[in-house]
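Chain lettering (A, B, C and D) follows the sequence in which the chains are written, and residue indices restart at 1 in each chain.
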Amino acid sequence: MVQAAIAAPALVAVLLAAGGRWLPRPLVDAVATGTVLAVTVLLGAVLAAALRHPVVAWLGGWRPRGGVSAGIPLVADPMAAGLALLVAVLTLAALVFSWRYLVEVQAIYHALMLLFTAAMCAFVLTGDLFDAFVFFELMSVIAYVLTGYKAEEPRTVHGALNFGVINSLGAYVTLMGIGLLYARTGQLGFAAMGARLPGQDHRLVTVAFALVCTGFLVKAAAVPFHFWLADAHAVAPTPVCVLFSGVMVELGVYAVARTYWATFAGAVPGAGPALASLGVVTALLGGVMCVLQRHVKRLLAYSTVSHVGVILLGVAALDHASLAGAAYYLLGHAGVKSALFIAAGTLLNRFETLDERELHGRGRRMRVPGAVFLIGGLGLAGMPPSGLWAGKSLMDEAAERAGWWWAAPVGVVASALTAGAVLRVWLRVFRGVGPSGEGTDEHEDTETGPRMSRLPWTMLAPAIVLAGGAVVLGLITGLIHGVSHAAGLFVDQRGYVAAVLSGGAWHAASEPLHPWTAAGVIGGAAGVVLAVPVAVLGLRRPAPRLLRPAVDRLRAAHSGHVGEYAAWLTAGVALFGLLLFTA
Amino acid sequence: MSHLPYLAAGWILLAGIFGMVTSRNLVHVVVCLSVTQSATYVLLLTIGYRKGGTAPVFSDIKPTGKVVDPVVQAMALTDIVVNATVTALLLALAVQVAKRRGTIDPDQLRPLE
Amino acid sequence: MSHRARFAVFVIGVAGLAVLYVLAAFRLPDFGGRFHPYGERAVTSAIAERTKNVVSSVNFDQRAFDTVGEELILFASALGAVVLLRTVRREREEEAGEHGYGPADVFDALRLTGYALLPVTLLIGVYIVAHGHLSPGGGFQGGVVLGTALHLLYLTGDYPALDRLRPVPAFEAGEALAAGVFVILGLAGAGLVIPMNAMVGLEVGCAIVLVLTKFFEQALLVRTDEAGKGEGT
Amino acid sequence: MADAVLIVALALAVVMATAVVLTRDPARQAIVLSAYGVTLGILFLVLQAPDVALSQIAVGTVVVPLVVILAIHAIRRQHGERR
């Protein structure tokens, strides 16, 4: 069953690539959407099964004998199955949105989207580190192509190239780390390696952890590995951005968490503080960069950087309640951010530009995208009962217990900055507030071929469903319980190893978690209250004079220069390693 | 001798990154990236080596002798394919950058904002 | 960021990375040591399955899922080459042969060599694919030889012949179907080294032809029209 | 003896890798890259990995340098027209 969820989209992708050029567009749309729908149902069933008991499938029947195997397992615990399901749901939304969107080249766009789904599912479900690297590369290769899809635009190909070079470099550093681990443990499976790490040399294990995490942190856009993200998101087609921001970037954090708990748990004492430092810097820098942007997609991209920083911080607490919060935050963020990207796509389609100043007041008649921006802004601010709020509340409580008093304020600041920027866009574009500025006069491709006179429902419905769902997520108690159960299993290394290598029991005792705490509600309210001044101040002329040199320096650092990004990546690995050793 | 080969892999990795950072040409950047990746095959194969071992192919010897580790070889094979495809894709993008931007010098490419 | 600042960041980073790496490298088992538990397991498994080339057994049987991913990467990047290097508006493709593409004045000796080498190389490619389960080499290496061999015709200066020999849709379809069969074999079956090997050969050969074709087109045929020039610079 | 061969092969690979990086002109770099591919192939043979050596020689010395040269050609045409 698990295998089918990976095989089905890959096979249909292959058929579309082989014969798609002779099929009419509606049929291609129908086939692709139908396939992803089927995969969604299938993964729903996998998740249901995993909630009862995690599913372990050894491919090709290479089951372990005496605790060792020569094969590769797929491991569908509730967390992995749930993430795979999220991948499928977001792909479904993106494909429905693309019905009337995006000019197709043969049927390659659809084939690539299906392959992307298969790759992300395989990456999430695999129980083998080298296999994870292979599917990480598959995912990345497809992502480069999808980013560069509109190859006729200069910014597009440049952004895709930066993305490709930096992500690949990160992946190779990861592979070096895998090599080191293999040399010491003689294994490649997460569980098999994890079972042999205790007692290994501390230095080697720490360095291996730093190197293995590098590729995943690049994917997760943690500072200073984050430079590629805005370049790629600003230029990728809108439905692709939905998948990038909604789930692909977050898979980087997932991979860090998975390698930590399945393999390294307890062997790298510095991991928590090191990841937390990266998380804090990422959340804050992403927020500041977000406020500074004028290009709506770029703005949303930096907001993703910031929120992923918060998720990373949640993971870094290395505690099951905090992990549950991070997972819930991820879910809420996926809904809100996907909806926002779709709304931005409708703007691009209408006005051939995404420059906020140029769009001033032009969105007054666009009720649905306007509503999505408003709701999305409030959701990002952490307004109860949104999914982000519930997740944040759980993470804050766990951080408080760990003595990390600073975690909650960092989250509030990140929310306020990113939400303020989105609300500013809402005020300026959809309400016409503030002075109308001159734009850059640079026009972008509409991505739809001919411009549309009315927005079709297929472009609006996914945004409404996703945004609407995300802002009430905090009310669904059953889901919160499900996620905390999943997190409880996720952090249980012994259970994971036993279940994978000897079919043993994998149960985790987890007390039910409740986001409705006084501190949580106050935190959410603080985010919303602080977002308002950020939005209003942003409407006026940018940065006060005092801050201008700092702002200019920040902008200059995000230069689009690929060599510079590579230098930062190297420094990032060194920094992360240093933190691991000293923290 | 006992750790020298691993250091060689590390050197190749760092040399490749050095080339990427200092490069003035995107094609050069992509080629340096592929050098970086070649470090990974060198590391994998040196890890899998076994003194006195033969290649893990039993067509002409009886399957009892010592052989080197076949798993790292399988990994390196996969890795080589990945290298070739990523390099080709990135070069395709570099060609398009040259066409659309008129330069492939990273220093002269306008920022993406 | 100035050159100097960038280089400073790099030097700090590289120094740190080097220290980390050296620290780890000296804690690795000695080079050429005997500690290869997974390797030994793989050898035992391959012998049990009667596959003589253990590397093929790992690639196509024990860890076939890695190779599924690898084939999909190849497949995706061939699609990628088609998308990224497509002729977009403002560009036109010149008729092949219009200018006698390829090295126009090829020595006859070279031309003959090209023609003569083609069948020989194709044969070698097929041989390498076919013996992958027995001896070094296999679908992947043979596929590369097959895919590259066709381009020997370029050496002969006979671009039209090359064009006739590589109908792009056929290669796209061939590549896609090979990848599809491979996914089915890799996820559903076990111990199917020989058919999987053949599929990889087909897949790799087709993918290489596709990618090289696209690059040849860019290098030789596609021109940007005057109107499109200077845009975005 | 075996050690000496190995050291020579390793040294060659390291030197050639450095040479590839330091060759700043892409057209020349493609040729150096091809040579580097050969040295890697030899190293892999010495390390008893004939399968990998064969792929490295097929890919690293033929396909990748060929694609690099084609890319350079495509870029040069572009630049030639612009002038």
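Before moving on, here are some points about what is shown:
The rule is short, and it goes like this: contacts are C-beta pairs under 8 Å (C-beta built on N, C-alpha and C of every residue); 3 or more make two chains touch, one makes a residue touch a chain.
Just so you know, these numbers come straight off a predicted model, no measurement behind them.
Ranking A-C and B-D by contacting C-beta pairs places A-C first. Of all the chains shown, the one with its CA centroid nearest the global CA centroid is A. Inter-chain spacing, taken between the CA centroids of subunit A and subunit D, is 36 Å.
For the pair subunit A and subunit C, the distance between C-alpha centroids works out to 30 Å. Put simply, the C-alpha centre of subunit B and that of subunit D have 10 angstrom between them. One inter-chain figure worth recording: subunit B and subunit C are separated by 14 Å, centre to centre, where each centre is the mean of the chain's CA atoms. Multi-chain contact residues of subunit D (touching two or more other chains): 50-51, 55, 59, 63, 67, 71, 74, 78, 82. In subunit B, the residues touching two or more other chains are 1, 4-5, 13, 17-18, 21-23, 30, 39, 46-49, 51, 55-57, 67-68, 71-73, 75, 77-78, 81-82, 85-86, 88-89, 91-96, 99-102. Of all residues in subunit A, those that touch two or more other chains are 130, 134, 137, 141, 144-145, 148, 151-155, 157, 176, 180, 182-183, 188, 559, 561, 563-564, 566-567, 570. Residues of subunit C that touch subunit A in their complex: 1, 6-7, 9-10, 12-17, 19-21, 23-24, 27-29, 35-39, 41-42, 45, 58, 61-66, 69-70, 72-73, 75-77, 79-80, 82-86, 88-90, 169, 172-173, 175-177, 179-180, 183-184, 186-191, 231-233. Interface residues of subunit C, counted against subunit D in their complex, comprise 53, 55-56, 128, 136-138, 140-141, 144-145, 147-148, 151, 208, 211-212, 215-216, 218-220, 222-224, 229-230. Note for the complex: subunit B touches subunit A at residues 9, 13, 17, 20-23, 26, 29-30, 33, 36-37, 39-40, 43-44, 47, 71-72, 75, 78-79, 82, 85-86, 89-90, 93-94, 96-97, 100-101, 106-107, 109-113. On subunit A, the positions that touch subunit B within their shared complex are 130, 134, 137, 141, 144-145, 148, 151-155, 157-162, 164-165, 168-169, 172-173, 175-176, 179-180, 182-183, 188, 230-231, 234-235, 293, 295, 298, 555, 558-564, 566-567, 570. Those residues of subunit C whose C-beta lies close enough to touch subunit B in the complex are 6-7, 10, 14, 17-18, 21-22, 25-26, 28, 30-34, 36, 38-39, 42-43, 46-47, 52-55, 57-59, 63, 66-67, 69-70, 73-74, 76-77, 80-81, 84-85, 134-136, 140, 204, 207, 211, 214-215, 218, 224, 230-233.
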